[in-house]
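Which chain is which? They are A, B, C and D, in the order written, and residues in each are numbered from 1.
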Amino acid sequence: MGKIYPLEMKKGMSVSDLVREYEKGVFGAGKIAEAVSLYKEMLEKECRIFLGFAGALVPAGLGKIIADLIRDDMVHVVVSTGANVTHDLIEAFGGSHLKGVQGEDSELREKGIDRIYDAFIEDRSFILFEEKIQEILKEIEPVMSVSDVLKEIGRKLNSSDSFVRQAYLKDVPVFVPALSDSILGLHLFLYSQECACQLDHVKDIGKIVELANISGRAGAIFLGGGVPKNFIFQAMLLSSSSFEYALQITTERPEYGGLSGATLEEAISWGKVSKDSKLCTVYCDATIAFPLIVAAVRDRC
Amino acid sequence: MGKIYPLEMKKGMSVSDLVREYEKGVFGAGKIAEAVSLYKEMLEKECRIFLGFAGALVPAGLGKIIADLIRDDMVHVVVSTGANVTHDLIEAFGGSHLKGVQGEDSELREKGIDRIYDAFIEDRSFILFEEKIQEILKEIEPVMSVSDVLKEIGRKLNSSDSFVRQAYLKDVPVFVPALSDSILGLHLFLYSQECACQLDHVKDIGKIVELANISGRAGAIFLGGGVPKNFIFQAMLLSSSSFEYALQITTERPEYGGLSGATLEEAISWGKVSKDSKLCTVYCDATIAFPLIVAAVRDRC
Amino acid sequence: MGKIYPLEMKKGMSVSDLVREYEKGVFGAGKIAEAVSLYKEMLEKECRIFLGFAGALVPAGLGKIIADLIRDDMVHVVVSTGANVTHDLIEAFGGSHLKGVQGEDSELREKGIDRIYDAFIEDRSFILFEEKIQEILKEIEPVMSVSDVLKEIGRKLNSSDSFVRQAYLKDVPVFVPALSDSILGLHLFLYSQECACQLDHVKDIGKIVELANISGRAGAIFLGGGVPKNFIFQAMLLSSSSFEYALQITTERPEYGGLSGATLEEAISWGKVSKDSKLCTVYCDATIAFPLIVAAVRDRC
Amino acid sequence: MGKIYPLEMKKGMSVSDLVREYEKGVFGAGKIAEAVSLYKEMLEKECRIFLGFAGALVPAGLGKIIADLIRDDMVHVVVSTGANVTHDLIEAFGGSHLKGVQGEDSELREKGIDRIYDAFIEDRSFILFEEKIQEILKEIEPVMSVSDVLKEIGRKLNSSDSFVRQAYLKDVPVFVPALSDSILGLHLFLYSQECACQLDHVKDIGKIVELANISGRAGAIFLGGGVPKNFIFQAMLLSSSSFEYALQITTERPEYGGLSGATLEEAISWGKVSKDSKLCTVYCDATIAFPLIVAAVRDRC
């Protein structure tokens, strides 16, 4: 129990200074400060850190932040949606995402531009993606786990901004339990019409359970909910461990019952996180909160 | 352009009466009325109706509503999360979900009770699930698409309240692109440790694309977002059709960029829905809005 | 602790039937059922019921629902925003609200149409309001409390759909602590340029505190938060009573710290509600939830 | 139309650097960057800046940020809730707000601690407030506008962290249209039982309309919605001007129809903002976004 001191904003502040000001306060500001401390503690205690992320973070420009965390040993296991992998590869192949495009959705359709709120992508980026991915798929073995396929893809990229590439370089597994639910998935289907191609999803369960079942400490970071959050948490159901740290940035809420909005405390009842775990939920747009938290954690390490 | 007339609530109203009152108004009330008309029109125009649902709707007791819609030819293709399938099977096997349980999450953990906001499930329901599902898996072929596995499981159930059962009876495919992300997925993994077991996710893409590629009209209904919403929409990317009707009930919002909260209009830019489609989004907890809409649609048909 | 039974939706259901189905479930559905029971119990225990409402409920067509609750002794004290009073009077004077108007905001501006999401009002309704209200103000005494002014205005109306009128007829006080923050407030200001006109806000505090300080039971119903919620709750700070029942329908959330989203439990720490009070929060658009709850309560009484 | 470049987070970043990274992106991050540019432009164009704020920002520690903006001529007119004024005075009188307090609401009640989500205040701070405010009230004239009362109170304070004090020092009016809806309001009522005390709310309407009716440019900043947002906007209804800039930080959403969540574009239809105005809405907890935006704006000026 302490006093709430007045936050003060001055010229020339660093992100660390800003977080120190947040720390004086409560509500979302207090939570950001708590999240920074929690992430820092996870790193100091040498946790194995599982990062799950959903939502269009790569189209929004946040892919490199994740790539750099992998590069710097600040994330050790990744669970992604198929869409974020697809868009990561699009950029690695030379395609791009746009902002500031004007027009109604029906006009965009005519111009060959696809919209993700205020991010946009041209059809030609998808055509480039198709060419490049079909080439790569030809060189891949017919039956593999999803994480192995992504490792093989990562091997063939040469963009250091790609999280799929960095994961390959650092031997960090990338799990995508719903890969068929993505444009990459559609291309795997098209490829499978010509050549044998079979993804082993079940094998990846074994792999993440093994990673969860560590002798040391495990920590989880969730950006949004969806499949990545559940897939990381459920790994603990078959493990003798449970998470000692968990941090989520979400905009959903618990009262509707979906896992995306569920409190981290709820996971205690399932044994996914331990009773004496340290938990922190930041209710905020991840494109605002995550860069800020990462910048502050980098400063403190 | 019309007048907003005062809504009037009286003793003895039917759900249809209530929706007629909503129709006089705007905001959420107006949207509910619009959703009822849209669903009714989808049925009248003999649309092929794709239902995607995410969030803990089956634990919340909404599984039978979906089962009955399948039974009555009001839904023709289903895309579910792995969790909703798991909980559907738990009930079909004789397990149950509970309400009104009191206690902290750590106390629940000790009592062997798992929490989903204010729904609960005892560990013994999961044990029952394990016994029954392992028996069924033994009788299933080693390589199948996910939808074929669920058809086989549906064949062996005898609960008419189960949507997996009703889908089997009506030959409605159930797609679960992220099956490995569920407790059913975990049991498939355990089973695969003993016996060959390989799920073909890619094959299901071909199957849903074929269903999407119809000569007649297609309509989509989304309860929540997540993988089911995207998997239904992306089927149109490989199809020459696009949805002429779409209805979503969601609590997420568009500004954070995730697909769960994306407007249906955005899907026009991707060609997932047609330019002149009829679209309706209801921003509401699906456990409130969906039963109400279904009851009113049943009344009007 | 009980079982969650599957909800079943059939042709020809009444609103009461629907709520009985909700009662089997959880999340929002369960809360609606709980809200119906709570409101019914408030009436049975002969609570003095304080209704606070914010948001554009009257433009949305919900004013008559409130008027009828006052008429039928189901609400005994009203706290409103100035906007809801203004729009109630506009309709009582013969003006109207519209729906289904198309056009950009700048086009609406040119057409003399003002927008409240998908409700609209023509400038001429405000001109009509000006004429009528200036006439009425001339006949009102120069110094009065806000609730007395509204009583005088109510006396001069002849629309039974107006909650201001019904409150006058039933001697239910209508408090509007932020009256100057409304178009009615602007007209009071214009009137005050010509004639003495002074609103006594402080007096109304005494009046609501006296109403709160009852020997019997008090209950509160909040549609949205804002000033009405706080003004009702703070009355208990100067009273020896506290609320034994409270029901809120809100779409805000607690984590940002604003009172609109605050849990009802928080009010226990302030002594605004009693420790053993019965509390229920429904997270839903009030235009959906409130008509439904009222219809069901009417059925059960 | 431009490319979305990957955001990069490095050790030692300033808040300005962070905002430059946000500027590369979209969704919330892009909006923060836009808000910084907008506020900077308001200052460069010498706008008269109206700041409205609702929600428990002062208990959360953000009062000094507002005080400093007033001190530095970065805000010229203030509209507050009664609660924020009350809590500002509590701190100016030597009381304080707390964080990190543990316990159920009924336990807090027994300990004499009142809760505002995770901010807390002891009853003794309210007792201190009562003593000090009753002293001050004795020295104030019986009939005054609310803004004049607050000016008189500001004159008697000696804390530079108080926004009420800074407003007095800089001759910035503080409007509180719902003053009676606050603990300060309750004390005015108690005081009025002994001595004549009459607040003129109507007079303040004239005052803000005059301020809105400027020859130069006007800009609005809203933290949350509620009465402060509406009171600032409605001033333009009686003015020949309209806002050329508006910036809001909100967590509400437009679809429920309340003004708190209304888009700024909607205000064009009412003539509150001009057709060619520059508008920016950040959907975020104001305790996170506002300090960040202020720090970056200070850096760029």
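In this section, contacts are C-beta pairs under 8 Å (C-beta built on N, C-alpha and C of every residue); 3 or more make two chains touch, one makes a residue touch a chain.
Bear in mind that the values here come from a model prediction, so they are computed numbers and not experimental data.
Least step count on the touch graph, chain B to chain D: 1. Rotation angle for the C-alpha superposition of chain A on chain D: 180 degrees, rounded in steps of 5.
Looking at which of A-C and A-B shares more C-beta pairs in contact, the answer is the pair A-B. Of all residue numbers seen at the chain C-chain D contact, over half occur in both copies; the interface is built from largely matching residues. Rounded to whole angstrom, the centroid-to-centroid distance between chain A and chain D, based on C-alpha atoms, equals 35 Å.
Here the CA centre of chain A is 25 Å from the CA centre of chain B. In this assembly, the C-alpha centroid of chain A lies 43 Å from the C-alpha centroid of chain C. Of all residues in chain D, those touching 2 or more other chains are 26-28, 56, 59-60, 117-119, 253, 255-257, 283, 285, 287, listed in ascending order. The touching residues of chain D, counted against chain B in their complex, run 26-28, 31, 253, 255-257, 283. Across the complex, chain C meets chain D through its residues 54-56, 59-60, 83, 105-106, 108-109, 113-119, 143, 177-183, 185-186, 188-190, 192-193, 197-206, 209, 224, 226-227, 230-231, 234, 237-238, 251-260, 262, 265-271, 275, 285-287. By the touch criterion given at the top, residues 1-15, 17-18, 21-22, 24-30, 32, 56, 59-65, 68, 91, 96-102, 117-120, 161, 283-285, 287-289, 291-292, 294-295, 298-299, 301 of chain B touch chain C in their complex.
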